[in-house]
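Next come two complexes, and both contain chain A; in the first it sits with chain B, in the second with chain C.
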Partner chain A sequence: MTTTRSALAASIDPAAETALDELLLSMADDEFVIGFSDSEWTGIAPILEEDIAMSSLAQDELGHARAIYELLAEVRGDGQTADTIAYDREPAEYRHARLLDHGRGDWAMTIARRYLYDTADGSRLEGLATSSFAPLRELVDKIRREERYHVMHATTWLERLARYPGEPRDRITASLDELAPDAATVFTPLDGEALLVEAGVLAEPMAALEARWRATITPVFVGLDLPMPPAGPLDGGRTTHGEQFGWLWGEFTSVRRSDPGAIW
Partner chain B sequence: MTDQSPPDRDLDPTSDGDGRTLEPWEVFRREKDGDPMRHGGSVMAPDAVLAVHYARELYGRRQESVALWVVRRADIHDLADPDLLQPPLDRSFKKPGGYVMRDKLAAARQQSGQAKPKARSSRPTRPAEKADR
Partner chain C sequence: MSTINTVAPVLDESAVRAALSEVTDPEIPTISIVDLGIVHRADVGPDGAIRVELLPTFVGCPAIELIRSAVSDRLQSFGRPVEVSVSFEIPWTSDRISPEGRERLRRSGFAPPADIGAVRCPYCDSARVAMDSIFGPTLCRSLFYCRECRQPFEAFKPI
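What follows is the complex of A and B.
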C-alpha cells in the first residue's frame, strides 16, 4: 500500500507537519543511535547470556528506528526511504539526544545510559499513546509493549550495580555523574511542539513529559540512594553532538559509503 | 491441570541465588497453548530475576514460546542412581509387553458374547511431541 503525502498528512493540521517531521526524526534517531551503540557489545558482553540479551535489545531498538523512519518517509512522501534517512545525512543533521553521545563506555555506563534513556523514552511514548495521528499511535502501541522489557532489564541491572558496595556502585555512580547533565535531553523542546499539542499529536509539551519522567524515576533513585540528575536548560540537546558521535557515524555509515547507491 | 499453572514465584532478587555467583537455571518452555512444558535448556545467572530475563532472551525472543518456567538447578531433586533406575536383573516381567492379554481378552469376549469395542476415533494427537522424535 502506498500512501501519498497528502493522504497521510491530511489527518493532521498542516501547520504541525514540520513539527511532526522533527518529532519522528528525533525519535527514530534516538532509537537508531542507542541501538547501534549497544550492538557494540555483541561478542564482548560480560557473560554469554547478557551478550545475547544486549544484542537482542539493540536489535529491538533498530527495529523501532526502522519503523519510525519508514513512517517518516511516508509522511515526507518525497521518495526517501528508511535507509536514506538513516544513513545519508551528515553527522550534524542527526537529531538524537545528547544523552546518547557519551560513547559505549563500560558496562555500568551502558546500563546508566539505558536506564535513563529507556525510562525517558517510556514517558515520551506515554505522551503519544493517545495521539490523534493514527499511524504513530498504532506504532507507539506496539513499541511500548517491547519497551516494557527494556525498562525491566535496565532497572534490574541498575539495582544490582547500585546495591553492591565497592566497584559496582562506584562505577554506576561515576557513569550516572557523567551522564547527569545530559540525562533529560530526550525532552529537549521541539520547534513548534505547541502545534503538535494543539493538534493532539502529542499529549503534553516536552517539559511536562520530563516532569512525569522525573516523578517516575525519583523513587528508584531515592531507594538506591543515588543523586537525581539535575534539572536545567536543554539548549542544543539534540543539535550539538560531540566527537564520540562523529566516530559512531563513521562506523554505521562505513558500509553504505563504501558503495553509494548500491542495492544491498 | 497443575501443568497449566506456572508456579507463582516471588521474583525478589534475594529469594534465590546469592546475587554474586553465576549458577545454572533450567528453563522449561511451552511452545503453544495446550502443549506441555518441555525442557528447553539452561542459562547461567546470579539470581532469579536475571535468570528469567535471560530465559526470555534465549528461549523466547523469537516468539517461539508462550510460557517459560525457570528453575534453579540446585532446587531440583536429582535421581540417577543405576541401582534404583537401571537394576541389572531381568525385569521384563514388569513391562506390559511381558504379559499378552490379547488371547485372554478374545476368549473372555467370546464367552460373554460381547463384540470387540471399536477403536476411539478421536484419540488426541500431539503433533509437537511427534516432531520432537
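What follows is the complex of A and C.
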C-alpha cells in the first residue's frame, strides 16, 4: 500500500474508487442543489399545502444529500466532512446535472424540473438497488421509499397543469421546452462508469439507465400530448454551470463564508 | 435461586431496551422510540460498553440528533461507556411500529400508517376520510380530513 485508504474504500476495487467518488459526488450535488433551490418556496408557495409539500421535498433532498456526502467523506477518509464537501468548493467544482441550474422560476417551471429530475433520479436509484457497495445499496433502499412520494407529487401536478387548457398548459409546456435540452443531463456519463459497472457498484451504464427513464416517462408524455425531451449530446452535462448557479451558490454558501466554522 | 450474589446485576440487552423504552419521540412524546421501531441494535459489548444503533424514520429526519442525545443521556445512569450511532443497515419502515405504538399514536390523534384507502379517523374511527396533502408538518406524516366528524388529522405515511 502506497497510500492510506479508508477502511470503507478498502472494501472496493481500487480501480473503481475514483469513479465511485465521482458517482457519489454527482448524486449528492444533485440532491443538494434541487433541495436548496426548492426550499426557496418555503413561505411563498401558491397554496399552504404546497408550501408544506415543497418544504418537505426540500428537507428530504437535503437529508439525502447529507447522507451521501457523509458516505463520500468516509470513502475519502481524509478528514473531510459533509459540511466541507457541501460548502467549501468553488461553483465550477460542483457536479450536479445542468438540468438543476435552471432556477425555480414559476410554479410550472418548478413542477417541470421536479418531474424530470425525480423520474431520472428514480431510474438512477434503480440502477443502484443491487449495488455491490453495501453502504450505498442500504442508503438507496431507504431513499427510494421516500422518493416514491416525490414522483407521486410531481406527476399529480404535471398532469393537473398539462390537462388544464389555457395558462396552466401554456406555462407547463413552455417550462418543459426550456428544460428539454438539459432534461437528460442526470445521465451524463461518468468518466469511470465502465469500472463501476464491472465492479457491480452500478448495474448499467448511464446510457442504459437513460433508456429506462425514457421508457418510464414516455407513456406519461404521450398521454398528456407533450413532446418528449430530445435525446442529445450530454457533453459537459455536469461540468458547465451557468450564471444562475453562481447566484444559488452565493446564497447557500453565504453563512459558511461569513462564518467559516459554521456547520450544517 | 437462593445463592447470594454480590456481583452487580448483569446488564444485558433487555435492560438497555427497557431503559430506552423511557425515551420518547421528541415530536410525539406519547410514543417511545422502542415502540416506534427505531432502535435497531442495543448491545452490551464484552468490554461493558453499551452500543445502540438507531434507524431514522426518514433520511432527513431532523429529530434524530435530539433522539441520539436523549438516548445517550438516559444510558449514562448505567455508568458505562455509551456509543449511539445512526444506521441505514436496514431501512426503517412503518411496519416496525409496535401494536402498542400504533395504539398510542391513535390515542394521540395520529392515524397509524395504513394504505391511503385504509386510513381511519383516529377520533371517530370513520373510514369516510380524504387525504388533503401527502406532505404534512413532519416528513413522516400526511394531512387528512374526516368527513364524518369534520376533524382534520395527521396520518403516518406508510413507508
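General remarks:
In the analysis below, the second predicted complex is superposed on the first by the 255 of 264 C-alpha atoms of A that agree within 3 Å, B and C clash if a C-alpha of one lies under 4 Å from a C-alpha of the other, contacts with A are read in each partner's own complex, and residues count from 1 in each chain.
Just so it is clear, contacts are C-beta pairs under 8 Å (C-beta built on N, C-alpha and C of every residue); 3 or more make two chains touch, one makes a residue touch a chain.
All of these numbers come straight from a predicted model, not from anything done at the bench.
Because the two structures share chain A, they can be overlaid on it, and in that overlay chain B clashes with chain C. In the superposed pair of complexes, A:53 makes contact with chain B and with chain C alike. Look at A:67: by the touch rule set out above, it reaches chain C but stays clear of chain B. Of the two partner chains, neither chain B nor chain C is touched by A:243. Shared-chain residue A:138: touches chain C; no touch with chain B. After overlaying the two complexes on the shared chain, residue contacts for A:153 are found with chain B and with chain C alike.
By the touch criterion defined above, A:170 lies against neither chain B nor chain C after alignment on the C-alpha atoms of chain A.
Greater residue coverage of chain A by touch, when chain B is weighed against chain C, goes to C.
Across the options 24-32, 42-50 or 150-158, chain C meets chain B in a clash only at 150-158, per the superposition defined above. Taken together, the two complexes place residues 49, 52-53, 56, 149, 152-153 of chain A in contact with chain B and also with chain C.
On the chain B side of its complex with chain A, the touching residues are 13, 19-20, 22, 43-46, 49-50, 53-54, 56-58, 61.
The touching residues of chain C, counted against chain A in their complex, run 58-62, 88-93, 132-137, 139, 143, 157, 159.
Residues 49, 52-53, 55-57, 59-64, 66-67, 135, 138-139, 141-143, 145-146, 149, 152-153 of chain A are the ones that touch chain C when the two sit in their complex. Touching chain B in their complex are the following residues of chain A: 47-50, 52-53, 56, 149, 152-153, 156, 159-160, 164.
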